[in-house]
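Once you've had a glance at the structure underneath, I'll fire off some questions.
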Amino acid sequence: MAEPHIDVSIETKDVPPAPRRDPNTCPSCQSHYRDDELEANLWLCLHCGHHFPMTARARITSLADTGSFVEEAADLRSEDPLNFFDLRPYTERLAEAEMSTGLGEAIVIGQAAVENRSCELAVMDFTFMGGSMGSVVGEKFSRACDSAIERTVPLVTVTSSGGARMQEGILSLMQLPKTVCAVEDLHDAGCALIVVMAHPTTAGVLASFASLGDVSLAEPNALIAFTGPRVVQQTTREKLPDDFGLAEQNLRFGHLDAIVHRQELRPTVARLLRLFDGE
Amino acid sequence: MAEPHIDVSIETKDVPPAPRRDPNTCPSCQSHYRDDELEANLWLCLHCGHHFPMTARARITSLADTGSFVEEAADLRSEDPLNFFDLRPYTERLAEAEMSTGLGEAIVIGQAAVENRSCELAVMDFTFMGGSMGSVVGEKFSRACDSAIERTVPLVTVTSSGGARMQEGILSLMQLPKTVCAVEDLHDAGCALIVVMAHPTTAGVLASFASLGDVSLAEPNALIAFTGPRVVQQTTREKLPDDFGLAEQNLRFGHLDAIVHRQELRPTVARLLRLFDGE
Amino acid sequence: MASEAELRLRERLSKLRSLPLLGGARLSGELERLQRQLDRMTAEPTDEEIWRSVELARHADRPYTLDYVARLLDDWFELHGDRGRADDGAMVTGLGKLDGRTVVLVGQQKGRDIQERTKRQFGMPYPEGYRKAMRAMELADRHGFPVISLVDTPGAYPGVAAEQHGQGGMIAQSQALMARLRVPTVACVIGEGGSGGAIAIALADRVLMQENAIYSVISPEGCAAILWRDASQAKKAAAAFKPDAAHCLELGVIDGIVPEPEPAAHADVDEAARLLGESLRDALDELDSFSGDELRRRRRAKFRSLGIFA
Amino acid sequence: MASEAELRLRERLSKLRSLPLLGGARLSGELERLQRQLDRMTAEPTDEEIWRSVELARHADRPYTLDYVARLLDDWFELHGDRGRADDGAMVTGLGKLDGRTVVLVGQQKGRDIQERTKRQFGMPYPEGYRKAMRAMELADRHGFPVISLVDTPGAYPGVAAEQHGQGGMIAQSQALMARLRVPTVACVIGEGGSGGAIAIALADRVLMQENAIYSVISPEGCAAILWRDASQAKKAAAAFKPDAAHCLELGVIDGIVPEPEPAAHADVDEAARLLGESLRDALDELDSFSGDELRRRRRAKFRSLGIFA
C-alpha cells in the first residue's frame, strides 16, 4: 500500500557535463581546444559548431556592448539556514564554488547595452554548483526585474541550471514563486522578458522564470526539461525519443520561439530589443 | 495545383435526426411512444433512457419553475438580406418552419426561476431549421445576455444546432463574434453562463457561445463537434473512433464539466444557480 | 428590394469616399484605380464577377501571409508554438515593425509547393494554431502592440485530432480573447476567409478585405452539396450567398476594401503589398486616438450590431 | 546559530499565539491541543519526529482532497477538463460552499485503491492537470470566488508525454496566474507537498500545513540518492532538509499549522476535516478586508521576501 516514492524533485540528477570528460574536448567530434581558442570563437567548436558551455562572464562579454555592463548586487552571498551537511557542509561547497569560479553565486546581473539598446542582463553560470537556484539566485533575478522596471528596459536572461539548490531545502523551492512574482511585476510595468535557454535549463528554473519569457530562445542541442531523461527513464521505464528534452524537441512541441546559433544570438537579441522598444 | 476545396464550413451536413426515422421511435431500443407518453417522461425512453430531442417549449417547461417563465423578444423575425433562393426561397423555408413549430425562430429567450433562483433562459430548438443560427438567433441570444446583466442573474442556455444558417450568408457567420461579444459583456458584468449542450451542438454554435460557459454540461450521447463525423470522414479518410464527437468523448478530452442525465438536469442547474449566487 | 439595397450601397459609398481608410487625399495618385473600384461596387457584381473572386482568392499564385510580411514588416521575428503541445504551421505569428511601429502579426499561411502545403495543412489550423495566435495576441496586449491579422484559410482543419483537441472551443476562445484586447486590431481577408476558421482571428476593430478576396460562412462547394445536393453547383451557390468583397461591404460586415493591382494581387505582389500596407497603416492611425477600454467597447458594439432582422 | 534560530522561533510563536489563524478566542475548547502543538514547536523537532511526519504524510489511510471536500463543502460541483485535451484525474477542481460562501477548490488527489491510483496517477498531475486548475482559478477570478488549494502530491508526473506537453512551462504558468489573481487564496499542504508539482498551486495569500504534512524541494529518497549516493539514506536526508511543518513555519515559508487529531489525521477524518475547515475559514475571514489589488500586491511581496542570504 506504499505510495510510490518517485523522485520528481526539481533537482535533476543527470545534468551534464559528464564529470570525467575533458571540458575542452568537443563531445560531438572529439576535437580538442585550448581555452583561448574557444574563447576567441564564442566557445563554439571550430570543426563542428558544437556549443560548449559558457561562463556567465564570457556570456556577458559576448552579448553586451564593450564596457556597457554595470554589475549589480555582486556582494550577495548565500547563508546556510539549515546548517546543511551531507557528505560535506554546504558552506564548504559554497566556498569552493566561489574559489573555483570567481563568482559570488550562480547568477550575475547588471545593466547593459546590446547594439546600443539598454537592457538588464541576468546570466546564470552552470559552473557554480550546477547553476542551482538558492535564495541568492532568486533574489538577484528578482532584483534584475526591479532594475529593469526602474529604467523601463527589457530584461534578457540566459539560463543554465540543474534546478533548485537542495542544500537550502524548502527555501530553494520558494525561489520558484519568488521569481515568478518578480516576472509578473516586470510584466505589469510593461517591460519585456527575453529568455535564452542555454544547456541545461531544467527543473526549478524551467518551472519558474525561464518559462515566462515574452520570447523564448534556446541554443542548439540544449537540454530543456523539467524532469531529466534519466529520471524519466528510471521511474516510468518508457522508451525515450532520441531527442528527448532537447531544444529541437521543445521547438517542435511548441515550447520555444526559436533555436538560435550562438553566432546569431547577439544580433537576435538586439533585434528583439528594437522590437520591444515600442516606437 | 488546386487548393483543396475542403468543406469545413460551420454547417455540418450530417446532423440528426436522420430524416426517414419516426421521431417517436427510440433509435437505441426501437420502442415506440406516443407524444404524450414521451412528454410525461421528459422525452426519455421509458425502456432504455435514450434522450429524445426536446422542443424549446418542452425544455423550458421541464427546467423553469411553473409559471415563472416570461418570454422576451418573441416578435423578432428573420429577414432575407440576400434574397436567398436555392431549391426554394429562404422566406418560404422560414414561413414553413414557423408554421410547423409555432416558433418565430430557433431560439426562445426569457426570464425564469429554477427552484426559486432567478435566471435568464436561452433555449434553442432543433426543429426550427435544424437550430441553425442566423441574425435572429444571434440577436436573441445577445439580448438574453443583456437581460441577465440587467438583473445580475446567471444565463442558462440549452444548445441544439446544426450550425450557422447558410441562407443568411456571411451575416450568419457574424453571429459567432456577435454572441461571443455578448458573453464577454455578460462576464464583465460578473454574471455566469451555464451551458447545457443537447444533441446536436455543432459548428458555429459550438465555435461561439456554447463553448464559453463558466460551466459546460451535456446530455448523454449528444453529438458535440465543430465538424461532424461524416465530413471528417469524407475529407480526411481517417478512421473515426466509435464515440467520435459524442459527449462522452468530449468529457474524456476535457471539453465538458459533466454529462448530466435529463432527470438530473433541473436539480443540477439549481445547484449551479445557488453556487453562482455568491453569498 | 433591389433598389433599396442599391440605395443603401450608394449611401455607404459616399461615406466611403470621405473615409481616410480608402485613401482620401493621401491616395491622390490612385484616384483612377479607386474610381474603377467604386464603379464596380455601385454596379451589383454579376454572378460571373462573384465567381471570378472565388477563383482569384484561391489562385495558386496569390500572395500569402508571409509574402506580405516580407514586404511590409522590418525586424520580423517569428514566434513559434502554443506553449502546450505543438507549433502549427498553418498559423504564422510574429513581431515586426510597420513603419517603425512594433506590431504583432497573426495569419494563416497556405504553402506554395506540395511540401510546404503539407507542413502548413493548406492553411487550415488545428486548435493548437488558434492557441498559438492567442499567445501572440496576449503578448501584444501585455505590451500595447497593435495586432494585424491576415485571414487566408479554407477553414479550420476538419480531423479527428482537431476535434479531440477542441477545435470549436478554441475558435470560440480566440474570438473571446479578441473581444477582450485593449490594443488596436486590424484584420484583412487576403484570400479565402473560410467560416469559423477565419472569424477566429477576425474579431477586430477594423475588418478589411482585398478586392478579390472572399469571406463566407461555407465554401461554395459545401453550400451546393447541402442546398442543391450537388457540389458541382458551386458557382450557383456562390452567386446565392455572395462571398465577394463588395457584398460584404454592403452588408456592413467589413469596413473597407483594399485595392489590388490589375488584374489581381498575384500579378504584382510588390504593388499588392504596398496597397495593403497603406490600408493597414491608415486603419491603425485611425484607431490611435482611442483608449484601450474605448477600443474594446466600440469593437464589441460593432460586432453586436451585425445582423439584419425585423 | 542554534540559539538565534530558537529566538526567531520563539518570536514567531508568540506572534502565532495571538493570530486568529490558529484559533485565538475561537479555539478556546482546543487550547490543550494547541499547547501541545506549540510545545512541540518550541522544541526543535528531532530527526525521529521529522521522519514520523514523512511517514504520516504518506500514510495509506491519510485523508485526501476529496475526503475533505465531502466533509467541508456543500453543493459541491466538480469541474472537469482543461478545455484542451484531457481531464487529469490527479487534479480535482470544483465549486462548493464553505459555510454558505462559494469557493473554488483545486487540489491533487492520490487515490485509495489500485484502480483509483492508476486513474489519478498517484496524485502526480500532467501539464493538463495544471491547466485544469488554471481554468478553475480563472473562473474564480471572474466571479470573485476565493480559491482554496489542497496540496498533496509526490510531485508533477515525470514522463515523456508530460515533458512533451510542457510540464515545466505549465507549472510556471500556473504560478504566474496565481500571482495575478484578485481573489483571496488559501493553500494548505495536507500530505506531501512535493516540489514543483506542489508550488504550482500553492502561490497563495495564506499557506498552511497540516501538523503532519511535509513540504519539500525534493523527496528524501531523491535527496539521499544525489547527495549521499544512496537512496536508503532517506531518513538522514529528511533530517537534513527538514520538510516538517514546524521547520517550514520557522523559515517563514508557511503562515500557520493546522492541527490534526491524535495521533494523526487518518485516525479521525471527521475531526481532521473540522480542524482544517476552521483554519480555512479563519484565513478567508482575515483576507476579506483587502481589495483585489491589495491582495495581489501583498501576495507578491510576501513571496518576493522569501529566502535567507547575506
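Order of writing sets the chain letters: A, B, C and D. Residues in each chain are counted from 1.
Note that a residue touches a chain if its C-beta (ideal position, glycine included) is under 8 Å from a C-beta of that chain, and two chains touch if they have at least 3 such contacts.
Here the structure is a predicted model, which means the values were calculated and not measured.
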Between A-D and B-D, the pair with more C-beta contacts: A-D
For subunit B paired with subunit D, centre-to-centre distance based on mean C-alpha positions, whole Å: 41
Approximate Å spacing (C-alpha centroids) for the pair subunit A, subunit B: 51
Geometric centre distance via CA averages, subunit D-subunit A, whole Å: 28
Between subunit C and subunit D, centroid-to-centroid distance (C-alpha), Å: 48
Interface hub residues of subunit A, defined as touching at least two other chains: 211, 253-255
Multi-chain contact residues (two or more partners), subunit C: 83-85, 164-166, 169, 173
Pairs of chains satisfying the touch condition: A-C, A-D, B-C, B-D, C-D
Partner subunit B, residues of subunit C touching it in the complex: 1, 58, 60, 110, 122, 124, 154-160, 162-169, 171-173, 175-176, 178-180, 192, 194-200, 202-203, 215-219, 221-223, 225-228, 234, 237, 240-243, 247-248, 251, 253, 299-300, 303-304, 306-310
Subunit B-touching residues of subunit D, taken from the complex the two chains share: 75, 77-87, 95-97, 100-102, 128, 132, 139, 142-145
Subunit A residues touching subunit D - in the complex, by the definition given at the top: 1-11, 13, 76-79, 81-87, 134-136, 138-139, 142, 164, 166-178, 180-185, 202-204, 206-212, 224-227, 231-232, 235-236, 238, 240-241, 244-245, 249, 253-255
Subunit A residues within the subunit C interface of the complex: 187, 190, 192, 211, 214-215, 251-258, 268, 271-272, 274-279
Subunit C-facing residues of subunit D, complex: 83-85, 127, 131, 164-166, 169, 173
